[in-house]
Amino acid sequence: MTHAFYVALSYAASGIVVAVLVGWTLLDGRAQQRALKELEAAGIRRRSAARDQAEKKA
Amino acid sequence: MSEPIPAIKKFSDLANPTIFLGLTARIVPFLAVATALMFAFGLYLAFTTEGDYQQGETVRIMYVHVPAAWLSMMCYSIMAASALGTLVWRHPLADVSAKAAAPLGAGFTFLALVTGSLWGKPMWGTWWEWDARLTSVFVLFLMYLGLMALTRALDDPAKSARVAAVLILIGFVNIPIIKFSVEWWNTLHQPASVMRMDGSAIDGEFLRPLLVMAGAFTLLFFTLHFLAIRNEIWRRRVSAQRRLAARMANRES
Amino acid sequence: MMALFIRDMKLAVRAGGGALIGVLFFTTVVAVVPFGVGPDLNLLSRIGPAIVWIGALLASLLGLDRLFQAERDDGSLDLMLMQETPLVLTVLVKCLAHWTATGLPLVLASPLLGLFMNMNEVAIGAVMLTLLVGSPAITFIGAAGAAVAVTLPRGGLLVSILILPLTVPVLIFGVSASYAAVEDPAPFLPPFAFLAAITLFFAVIGPLGAALALRGSSD
Amino acid sequence: MMALFIRDMKLAVRAGGGALIGVLFFTTVVAVVPFGVGPDLNLLSRIGPAIVWIGALLASLLGLDRLFQAERDDGSLDLMLMQETPLVLTVLVKCLAHWTATGLPLVLASPLLGLFMNMNEVAIGAVMLTLLVGSPAITFIGAAGAAVAVTLPRGGLLVSILILPLTVPVLIFGVSASYAAVEDPAPFLPPFAFLAAITLFFAVIGPLGAALALRGSSD
Amino acid sequence: MRLLAENLSVRRGDDLLFSNVSFALTGGEALVVTGRNGSGKSTLLRTVAGLIRPESGNVTISGDGIESGRRAGEACHYLGHRNAMKQELTVRENLSFWQVWLGNFKGGAGMDLEEAAEAVGLSGITHLPFGYLSAGQQRRFAMAKLLVAHRPVWILDEPTAALDVAADRLFATLVTRHLERGGMVIAATHQPLGLSDTRTLEMKGFAYEEDFTA
Amino acid sequence: MRLLAENLSVRRGDDLLFSNVSFALTGGEALVVTGRNGSGKSTLLRTVAGLIRPESGNVTISGDGIESGRRAGEACHYLGHRNAMKQELTVRENLSFWQVWLGNFKGGAGMDLEEAAEAVGLSGITHLPFGYLSAGQQRRFAMAKLLVAHRPVWILDEPTAALDVAADRLFATLVTRHLERGGMVIAATHQPLGLSDTRTLEMKGFAYEEDFTA
């Protein structure tokens, strides 16, 4: 096995791990935002948001 | 998120999740771009500098192995600081930060283990050895996974925060062990040559790409950590609003 | 049936990362061994296959006793017993889901642990193969034990008593097949074939026994 | 306090022989290793103490996660938390009862397993003695883990993961004391004294931690 | 359709709990089982559901298109003290699992999930994990489970324990509607269920019998 | 003797369940806590028993020979949804364990085991394993537990669920007798308890507030 092989493998491994970390973080963020949107659509408002609106009206 | 960002008036405002979300929304794009640039430069340097006369090509593994190893320890230190924040100051974001850091730390530790093994096979002739440095890094990896398992199994954040913080602090003894294992015990692994009291003992030819790559990894870590904290805040909002939904349904019916 | 499989998989994943915890436990158990016997690589590689097998056995045992207990505690078991669907089939599907969620990750993690135990590539492959073929047997045996334990008030622990002796042959054939792959004189195939036979045998006997026990238990 | 001890012993005996399972598992683990290592008697007797210790360690994990879970499930834990009696003391007594029911049988079974491993009399005696002194530490550490996991649905494995790293020092000193007894140059007493010290240390820290965790978890 | 229980006797441990209990129910009828604590109500219900093997006697169901002498259990929904729902799964996942798994008994069809949630007055929160709900909400969704798959016979063991007054009324409506469609209901309870026009079976406690003192 | 709860607020998860609940009880008084499902009755009771740490406020007990500001929990019996009895042990073993373990609070003495079994109307079956008993019988023995060790305050969470009519009456008698002797009772319930002359606290549900949506 040449040394270049181990080097290539290390960089490949690094690439994969970094890609997984980045991908997971982004997908997780997307999922949470979707869930928030769903809740918002179902009419669950954050209390502070509701309060803000009330203040605006007043 | 297009929320208006409340102004930061005092230091403790940073504890406010909404303000934090606003800040990250502004900072993260810059961080991400900087990370990409730094990686490009680091990789360029890593593959254009010459190989070592002793280790040949494999020295290039160092440019990922060492930053990953450093970050695995730094990440745990950040978690320990967050744990202190949870226990001492009851900072609402501290627990979020610790929880968000754990998977990242596990990732970097895994990387250090894998690249170390890939380096060890050509250099030492074995993938693995139960010496003090390697074992302690492996223990660090297990600790990360254990903490992840714990925080996910206890789904009430208020409850898991203190338990996790205590465990993080107990596990912190491992970090000095990792750092100094090469000096305290007789190991295969080489002793520190970059970060030493009496100045660096490594050739500038290798030091330059190493430091650039270390910078790139660090930037990557902070970018991801910010994003992960943001995700965690959102996750808690989701679960809080779900509970609220359950209770509102009670009231209406 | 598919619905049950999917539900059980979802449960395993959601209830605190079932697979992750199992693998972590497996790894921890194996990692404890060098602390006991010392970091002698030769010795480690000799006892490696046995240790990995023991770790896998312990890891599969620890979650197994809840296989039906959880269903009974929330009343789902009653509804399953009332169904027309043959109970044996239900048990079989539950076993498969359990194995996929907890046994398979162990098999996949075993090469890594093989490396830590300084085993060579052939030995690692052999252990993985034997685990793949042998570990379902543990689940099937465990299912029968878990079913018997459900009848007893809080008999969770009893499972291990009932099933441990039955898992001994699995363990022995698994380990000896792994060694046979490395050491020349000993042939690999006979113990491996035995292992496969044991798994098939328990794939029938285990769910049958479990179904019988559950029918008898209900009250 | 005596009442609690007696009750817990009764429960351990009635709910399917806690002692028996541990011993069975212990025996299985120790019996499988010779299959792996082959019939090399010298090697066996060399690794014997380590294997017996590892087996005992794993076997004591088996019942540990249920230490408080059962009490919580039927509501007894609430009443115990309301009592004036210091909670630490309650936990300590529960640990002692658990050890008497499951740890002590392991100690008693170890000479037999020592014989399997072809250990000589001195080594057997040493292993038994170190187990007697060291195994309570595992229970005490486990109590803290069990208290942390008391609210979890699938606590079992998680408890083991939390406590295994902490038990490593116990394992190391236990094994090295056992070896020291057989090999001449190494002195037996220092590691043995260390082992005793660890046990005493955890006899204080374990119940304290468990009590804190239980107070925190109650709701 | 007709549910027939003939000469049921059940032994628990060494004791005969009850003997020679018989009753018949046809479509639209409800049977309320009453009696003191420990008189065997729960046991009788579990026997009818086929969960306990009686010492003697049997329970059968008959009707058009049902082969005679068929085990009654398959035609029954059983709602015991426990809800048979998983805390970790969402309400929708729970309900849809039972819908698929239970399937419909001949001669009827279950409701849609959302419709069933509507019927128990809790539409709109089916995306929540079951464990998030309060005791009363959980019990209501356990009732929704009866609606998503069709079964002619409902067996209910203390269905209204821990429910507040509003939920009690809702429950009575559901049962009445089921009866109107030709279903049958057997319920054990200590409290009035708010149903009009039911038959009552009073369990008289157990015939005490011992081999060793005989 | 006097039990004083001042300005109790309790947070569960991220939500404030209730705030500023105060009440005082003296010997011979009973407080009935009512409210809809999920309004926080059980939570209030557990807070009084010292099982949940309140966000603010405290519960203290005072009286002759009791140092002031003492935690109320130690003077209370708590009977929750679960009976705190082991299925594997016989009734007698269970009761005698709790008798010894709990001991008597200052100023009173618990009953004999058999006497207590008599008082709940189930003497003669104390030799059975607890797991063999029916739901109602188990509940009755859980009440017997209140009698074997003396405590001035009884905290009861839906004590009469699963009880038959006779047992309901029996329960009312036990509570009345306890009150006559100068005891105090706090009970959460959906059903009338059959007690004359009690005070009522109605839980109104929750105030919503949280950190992460602030």
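Here the chain labels run A, B, C, D, E and F in written order, and each chain numbers its own residues starting at 1.
We take it that a contact is a pair of C-beta atoms (placed from the backbone, for glycine too) under 8 Å apart; a residue touches a chain by one contact, two chains touch by 3 or more.
According to UniProt, the chain labels map to these proteins: A = Heme exporter protein D; B = Heme exporter protein C; C, D = Heme exporter protein B; E, F = Heme exporter protein A.
Here the structure is a predicted model, which means the values were calculated and not measured.
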Exercise for the section: Give the fewest steps needed to get from subunit B to subunit F, where each step moves from one chain to a chain it touches. Expected result: 1
Handout entry: Per Cα centroids, the chain farthest from subunit B
Key = E
Completion exercise
Chain-centre distance (mean CA atoms) for subunit D and subunit F, in whole Å, is 37
Exercise for the section: Measure off the straight-line distance from the CA centroid of subunit E to the CA centroid of subunit F, and report it in whole Å. Expected result: 31
Handout entry: Chain centre separation (subunit A, subunit E; CA means) in Å
Key = 45
Handout entry: Residue numbers of subunit C (touch at least two other chains)
Key = 15-16, 21, 24, 28, 153-154
Exercise for the section: Provide the list of subunit A residues touching at least two other chains, using ranges where the numbers run on. Expected result: 42, 46
Practice task
Would you mind listing the residues of subunit E that make contact with two or more other chains?
Solution key: 12, 81, 87-88, 124, 127, 134, 136-137, 166
Practice task
Spell out the part of subunit E that touches subunit C in their complex, as residue ranges.
Solution key: 12, 46, 49-52, 73-74, 76, 78, 80-89, 93, 96-98, 100-102
Handout entry: Contact footprint of subunit B on subunit A as seen in their complex
Key = 1-4, 6-7, 9-11, 13-14, 17-18, 20-22, 24-26, 28-29, 32-33, 35-36, 39, 42, 44, 46
Handout entry: In the complex with subunit E, residue positions of subunit B that touch it
Key = 242-243, 245-247, 249-250, 253
Completion exercise
Given the complex, residues on subunit D that touch subunit B span 148-149, 151-155, 158, 161-162, 165, 213, 216-217
Practice task
Please name which positions on subunit E make contact with subunit F in the complex.
Solution key: 12-13, 35-40, 42, 81, 134-137, 158, 161-167, 190-191
